[in-house]
Every structure is written in C-alpha cells, then in structure tokens.
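What follows is a pair of complexes built around chain A, which joins chain B in one and chain C in the other.
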Partner chain A sequence: MILEVLEFGFMQRALIAGISVAITSSVIGLFLVLRRNSLFGDALSHAAFGGIAIGLATNIYPLWTGLTLSILGAVGITKLRQYAKIPADATVAILLSSGLALGILLISLSGGFTLDLFSFLFGSIMLVSVEDTLAILAMTGIILSIIILLYRQLMYITFDEEQARVSGLPISKLNYLFIILASVAVIVSMRLVGILLVSSLLVIPNVTALLFNKGFKKTALISVSLSIFSVVIGIAISYAANLAPAGTIVLVSTAVFLTVLAARHYSKKKQIVKKLEEARS
Partner chain B sequence: MQIVEIDRLSYAYSGNLVLDNISFTIDEGDILGIIGPNGAGKTTLFSCMLGLLDDYTGTIKILGEDIKKKNNKVFKSIGYIQQKKTIEQNFPATVEEIVSLGITITDKTSKEKIALALETVGLLAQKDRRVGELSGGQQQRVLIAKAMVNNPKLLILDEPVTGIDLEMQNKFYSLLEKLNQENKITIIWASHDLDAVNRFATSVACINRSMFFHGKTYEFFENPDLLKAYSESSMQAHMHLHNHTHRG
Partner chain C sequence: MNQSRVALAAIATLIPLAMITTVYTGRPALQDREEQEKITVVASFYPLYEFASRVVGDRAEVSSLVPAGVEPHDWEPTAEDVSRGRAADVLVINGAGFERWADDMQAKVVANTSEGIEFNYREENEAGDDEQGHEDAGGGGVNPHIWLDPMLAKHQIDKIRDVMASSDPANTDYYNQNADRFTAELDSLDAFIRSELADCNKSDFIAFHDAFTHFSERYGLRQHSIHGVSPEGEILPQTIQQIIELANGFGINIIYSEDLIDSRLADTIANEIPNGKVLVLSPIEGIGNEEQAAGIRYIDKMKQNIANLKEGLECR
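Moving on to the complex of A and B:
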C-alpha cells in the first residue's frame, strides 16, 4: 500500500517538497526562536500575503511578488527598529497587519477569493508542480549553503550581539542577510502549510528540540529530524484519512511537542524521587 | 611598545560630559587597573575603545591603528569580557561551542586552540556540558576562554567578577596573572575591588569623568593623600548617584 502510494507523482513531489521545507524552516526557525523573534515568521508570511495578492491581481508569478514584499517589509521593520527605537513585537504587529490589510484590499478590488489565493492561505502540498518542487529544492539548497557557511557568525550574533560586534563581525550586513533568508524560507514553507500556519513550522520543532537540553548543532539536528518526521507522518495521515495536509502536519508537530514535554516532566520527576531515595538510604 | 594610546578623549551623552579630556597610554605586557566610582565613565571608555561608540572627540589608537578606521584586524586582536551577565540557562550551546565563537578563522588547529583555552581556565573536562548548567564563576571562565582562544594581544575586562564568590574571584585573578605572564597578553581591567587592583595590576588609572591619577600601582596605593582624595570623590559620586536616583 505504502509503496503503491509512493509511485504517484504528486506524492513523490509532496514528500520531496515537504522534506525540503521541513529542513529549511527548522534551521531558520532555530535562530528566530533563540532571538525571541518567533512571531517574525508570521509577520513575513502576512507581508507575503499582500505581495501574493499583487501577483494574482497583476498576473505576475505570485511567489516572486510575495517574496519581494516580504523582503521589503522585513528590511523596513528592521530599519524602523534601529532608527525609531520601536519595540520588536510592535514592529512585527505593524508588518503583519499591514501585509494582511494590503492583501484584503486587493482581493476586494479583484472581486473576492480565488482558488489560487486559498491554496496560499491554507497550503497545497499535494498540488505542487514539478516546477514548484524544483524551485523549492533550489531555494532550500541556497539557504542551507549560506547557513552552513555562516553558521558560527549567526550563532555568535544570536548568543551575544554586542560581543559579536566587538569581535569585528559585520552585524548589520549579517542581520539583513538573515532576514532575507528568513523571507525566502517563509515563501518556501507557504507552499506546504499556507500563510496562516507558516510560523508553526519555524517554531514548534525548535521549541521541542530545546527540551532535549543539547548543544547548538545537536539541537539543530534534532529540530530538523522532528520537523521531517512531522511532515512525513502528517502527509501520510492526511492522505490516508482524507484530511487537510497543512493542519495535520502542524497537529502532528504539536503532538510531538506535547509528548516530549510529558516525557521530560516524567523523567525529571523520576530523578527527584531517585535522589530522595538515595538520600534516605 | 605601546598597545593603547588615548589622546584627549571626550564623550558627551544627552548634554552630559561623561568623559572629559582623558589621555593615557598602556605598554605591552601591562595590567592596567581602571578604578573609579559608579558612573565615572569606565564602561563608556571601553565602549569607545571597542568601537561601540564613535561620536567622541580625541583619538584612540590600539596597536598603532586609529580605531575609527574600523580595522577588523585590530578588533580581532582584542578580547573583551563585559560586566558579568548571566548566560541564559536554556541557550543550547556547549562550553566548547561557546569558546569556538572566539575563533575568527576555522582551520585544523581550531580544536587544539579551544582545548588549550579551556585547559588554561580549568574547564577542559566540562567541554561537552551545556554552558547554562554551569555556575556563574564557571560561565565567566568560559567567556574568558572565548576571549583568549584567538590569542589576543589585548584583553579588556569590565568588572568581570561582579556577583562571583570570593574563591572564584581569586582563581580568576590568578588566571589573569597567568595569561599576562605566560601569554604576554596586555590587560585593561575595570574594578571596584581596590585590594585586587593593588595585588594584580602593574599600573592604575583612576577616572571620575576626567583622569584623576595615572601611574604605577605602588605610587597610588602608597600615597595616603591620593587614597583619601579617591575615597572622598567616590563618596561624592555615590551621594550624587543616590540623590539622582531618589529624585528620579
């Protein structure tokens, strides 16, 4: 049965694209979560929504217009934070609501929601074309290469930005490069789970991986593994039970998080009891 | 050779003169203890030296280079440890990973350099532990290992032992002495601990916005008039800060 399903072209593409997205989003998400910027992905995806609406209204490939607006928005709020000293969460709220408002405005002008727009809002992993899969693979390759190349620098900025600046790192350039990579990762992830659920892919596997209390590289590897697991199992369950893949993937991811959290709680409790027994004997 | 040359450095913030016409030099191999009351401008002085603030007047040269030129080679020759700040307990990094951040160019010798730095601070056996699990004193030693792993010529320490117990403080000072004598690292170190400065620094700069004294350690500590004047100025600064805080 499983092998038969894997013979379908759409399932092969869904798995390849899904695994690529799982890797990209968890790697970028680790830096966002540690910088306490978990909602940044949400802001980027909502800005992209405005861009996608522009693309659909003007017959330009929507992923490119979405990516452009997402990058412009991200650079814009970064500048706003620096120069106007506005708190990070407030700038995220500005980008998020402005992107969404632009999208809604353009949709109302063009006569309402279309099937295309729905697929961007809620994801359409089973409908990815060969071209989409290749584009996702290419973007994943680019993001991963840059992250591997700059891994230590990005980790340094995440750990302590002032120390990283003193050590001579070009902080501003690295931060701009990172938000561009995050924008690309969000656009790539939108194909899988849609605009509304993008941030879950960036955040949940990383928060789960942090519960393992490991070092940076191991946490990244655990996060990537959990993300791939959630995507593959989510796609399988959604196909077998005829459910929406995006929601299933995110709920599998949440279930993994809750399981790890419960296991950690149980193991901590067990350790306390063991220590008490050792102290008594 | 002079590692640091500061000439007529002044810096104002929100209309207040924080540093006023500060000039001094530091010779290679010196340990300069910088003392002064809270709000004397010690951290501002370091921020200027590290290129974090550049809207000052006067010149700062480190290793002969004006630091306003932002020469990365110079910054890579400086190790910096700021006023103790707690490393977030949940930050997912091992001791080894944190020390590796101090390496600017990764090559085959990186692992050896990290091991050597950790051995120097006595934490080699802890290299695979998560840094958030360590005590405050151990975390500070990890940050020292990170600062020295790249073999810096100059180490800048801003009140590095604040909040650390006495035993750890003594270990820390012994380590500084070892780094200075064995690795020939020049050290600038801001401290409130006059006793430690007397024991470990080779020269002293006493600042309270302007330069109050700069010279050999014994010249300061063996001069009762200077010590008295210093404690009076510290008391005044303390009172000023106290009143300011209560009014605010």
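Moving on to the complex of A and C:
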C-alpha cells in the first residue's frame, strides 16, 4: 500500500522537498544549537509570519515579504544583543512575539484573509508544486555550498566567538551571512511544516545527534541522517495512518530522540555494572 | 547622548499617537441622525447582503458583517461588529448553523432565512466539522449552503420580505414588489440551469468543499468534495489519494476550486489525473470589491458556475 502511493507525483515531491529541507535545517540547526540559540528559528519563523501578513495585506508575494522581515528582524536582534548586551533568549522572545503580534494586527485590520492561514501555520507538505520543489532544491544547494565553503570560519565563531574575533575573522559579516542563510532555510521549511513546527526540524535531530558525543563533522552527519529518517518515516506513517503530515514528522523525530536517550542511559548503566563487576573480581 | 534620548522618547510617543489619530479619522464617521431614521439592516455575509438589498431597495440601509471577499466560514465578529449587529433593526442571517456567533449577537430582530426549510435527509444539528461530510455530505449536521439552490434562495427572499414587512409595515407593498421581481429572476435562473444542464454526459463532479449539496439535489447531480462543510484545515495524504482515485473512476478531469481559497490543493490533484484542469466553482460566499464594482452579482456568479460546470459535466 505504501509503495503504490509513490506513483503519485505529490508524494514524490513531498519526499524530495522533505528530504532537502531536512538536510538544510539540520545543518543550520547544528550551529544554532551549539550557540545555545535553539529558539532562533522560532523567532525567525514568527517574524516571517508578520512579513507574510504584510505581503497578503499589500498584495506582494508573501514569501518575499516574509523573508525580508525575518532577515531584518534577525539582524535587528543581533545588533540589539551586541550593543545593549541583552541576553540572547530575551532577544528571541522579543522578535518572536512582535512578529506574531504584527501578523495578528494586520489580519484583524483587514478583517481576515482569503488565503488559507492554516497552510502557513501548519504547512502543507502534500501540496508542494514542481516549481516549489525545484526552488527548494536550489536553495538547499546554495545554502549547503556556502556552509561547506565557510565551514571552518563558521565553526570557529560558533565555539569561541571571542577567540575568533582576536584572530581577526570578520565576525559580524560572518554572523550576518549566517543569519541570512538561517532565514532562507526557515522560510523554506515553513512552507512544508508550518511556522509552529519549524524549530523542531532545526533542533531535535541535532540534540539527538549530540547525544552520541562525536566530533563536529560526525555529529552533523548523524543529525542529517536522523532528520531524513524522521521526514521519510513521518510521511510514510502519516499516509498509512491518515494523520497530519507535519505533526507526524515532528513526533517521529521526538520518538527518535527519546529512543537514543533511553539507549544511552541503558548502555551507561551497563558500563557501570561492568566496571563494578571488574572491580569485584 | 541626552539629546538623542529625548529624541527617541519623542519618537516613541509620537508614533503611537499618530497611529491612533489615523485609525480614528480613517473610519467612517458615525451615521448622521437624519440617516438613522431609515431602518438599518445588517446581513451576515455576501449573498444575504445582496438578497436583503434587493428586497429593501432604497427604504433601508443594508450592510454586510463579513467584509467583501473574505471567506465567511471561520469568520468571527469583532466588538465593533457586535455593536453594529445589536444596533441594527434587522439582522439577516443564513442560519442552519452557518453563523455560530448569531445567538451571542442579541440582535433586535433576527431574520433567519433558512427557517422553515425542511432538511429532509438529515437531522437538524450544529454544522459538522471537516472530518464529516466528505463523500456526498454523509452524517451529522445540516448543510448550510442553501443559497446555491435558486429555489431555496427564493425561500430566503420570502423570509427577508416577511420580516421587513413586520418591522416596517408602511413599506409592505414596496417590499412585496421587490421580492416578487427578484423571485422572478430566480425562476428564470432555475429555467436557465435546467436547460443548460439538460444534456450532459456526466452527473458527478468534484467540488472543493461541500457547498453544492442542495444545488446537486435540485438538479439531479452528484457532488463529491475534497473538503467537508468548511473549506479549511490541513489536507491528509489519503484524502488526496481518494479524490484522485474517485476522479479516475468517474473519468473526471476537472477539479473545482473556489474564488476565495488558495488553489494549490486543487492544482495538486489536477496534476495527478489525465488531462487534469482546475476551474472555479464559486460557492458565492463572498464577492470581492473589484467584482462588485464591475457589477457582478449572485446571478452572474451562478451563470459563471453553470458555464464551468457544463465543461466538467460534458454538456452540449
């Protein structure tokens, strides 16, 4: 039953778009998680919501206004963090709630939109068109190649921003570039899993991968594979059980996280028992 | 340093003040005393606004609660809307569970235009949610889309006329005349639909949501729909597959979308079926400002629908 649905174009597109979004968001997300900025993606997507509302109210293609506003918002809070020394989590809260508030305000002003808001809030992975899929593939390619090119510098500022500054890296340029990449990744994933679930794709696979205690590259590879696994299995389950796709994908990745956590706990216990036995004998 | 602080504070107070003043001056001023002598009628959404306007002519002020071109299914009234509904002499609603907010509005006189229609195929109930009523509107709740059947629309006109006559007895004859004129137009629309759909190869069509149930009963068609009673909510993968199989089973190649809805879902399904194509079948739940300005009304919209239906049903 599951194989025959692959004949449908919409399923093929959902899988292709889903896998490429899984790759970009887990790579971008790794930097965010390591910088203790996990909710940054949430802030970006909510700012984008405000931007989308502007687009709908002014009849400009909503994804462009969404992208613009989330980049502006992200640059704004980064500046805020640097100059006013406001903690990162607080700046995230400011951007997140103001973006959402702006969206709500515009919606109430225009008396509601004709466009289905649900598709922005919860995504519509089953409805990606051929053009969407190509655009998503192109974005994935661009984001990944920039990250691979600048991988050393980005890793340096992620682990030790002060040291990187001292060694003369263009920190603020790199930061802004990263913010723009993150905004693009968020906007693309938002179309698939919705504003409310974007940060799950950015965060959960990376937190799971970090549990393996490997180096940066290996962690990134583990995270990408877990992310792809969650998207593919999530889509399959959502089809087989007729459940909402976005929610299923997120819960699968949570289930993977819990499984890895339990396995680690169990293997640690085993090691302790082993050590105790060795000590005894 | 200090100066820039003062400037910032000034900006921070000036901007909200400016916004408040523009909001207040931007709104239409409250109606003049003179105009209020006219009876005020507030209709819930588009077709009722037009129906009420046709009946009352120039003897009353008619306005619509749901703004032009907004999908009315999950619309909620704001505080201003509620006070407008309360202040009106007559509130015209569709009923049959469409306006779930109607009871809370506590209007002076409510013209429930679906009152007295016998929904013979189901028990009267709150309108069902998305899960219900996929295929042929099965199970639970009355289908509220009565205005799409011209004969039931006639009933709605009668209801509005009766309520207007009792609220404003001096103008009874005028209201009767107007209602008769519109009823005659609806009769000729009915005859038009019957002759246009007289010779068709198919009787099955796939509507976007469950809006054409009464219409299909009237004209002997069978409606299938992608969504249930309300055209919103996340679409499930199996539903898409079922619709594709249904279309292939009936040899249908036209999927109907709506004018107030993102057509991506219909596009996706049409892409999967041979020679698939998307046409609009408007549930006339709202007409945008541009179309209204171009003079497009309920009957024009119905005729556009019939033209698109003829293509889908392969009529001669």
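Here is the rule we go by: the second predicted complex is superposed on the first by the 275 of 281 C-alpha atoms of A that agree within 3 Å, B and C clash if a C-alpha of one lies under 4 Å from a C-alpha of the other, contacts with A are read in each partner's own complex, and residues count from 1 in each chain.
To be clear about the criterion, contacts are C-beta pairs under 8 Å (C-beta built on N, C-alpha and C of every residue); 3 or more make two chains touch, one makes a residue touch a chain.
Please read all numbers here as calculations on a predicted model, not as lab measurements.
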Partner chain(s) touched by A:Ala246 [first = chain B, second = chain C, both, neither]: second
First (chain B), second (chain C), both or neither touched by A:Ala88: neither
Partner chain(s) touched by A:Ile237 [first = chain B, second = chain C, both, neither]: neither
Contacts of A:Leu137 with chain B and chain C, given as first, second, both or neither: neither
Chain B versus chain C, judged by how many residues of chain A each one touches: C
First (chain B), second (chain C), both or neither touched by A:Met11: second
Chain B versus chain C as contact partner of A:Leu127, first or second or both or neither: second
Which superposed partner A:Leu34 touches (first chain B, second chain C, both, neither): first
First, second, both or neither for A:Ser119, with chain B first and chain C second: second
Touch list for chain A against partner chain C, complex: 5, 8-11, 14, 108, 110-116, 118-119, 122-124, 126-127, 129, 235, 238-239, 242-246
Complex contacts: residues of chain B adjacent to chain A: 50-52, 72, 75-76, 78, 80, 82, 90-94, 96-98, 100-104, 106, 128, 130
In the complex, chain C residues that touch chain A: 66-67, 69-71, 75, 78, 232-241, 244, 260-262, 264-265, 267-268, 271-272
Chain B-touching residues of chain A, taken from the complex the two chains share: 34, 152, 155-156, 159, 162-168, 209-210, 213-219
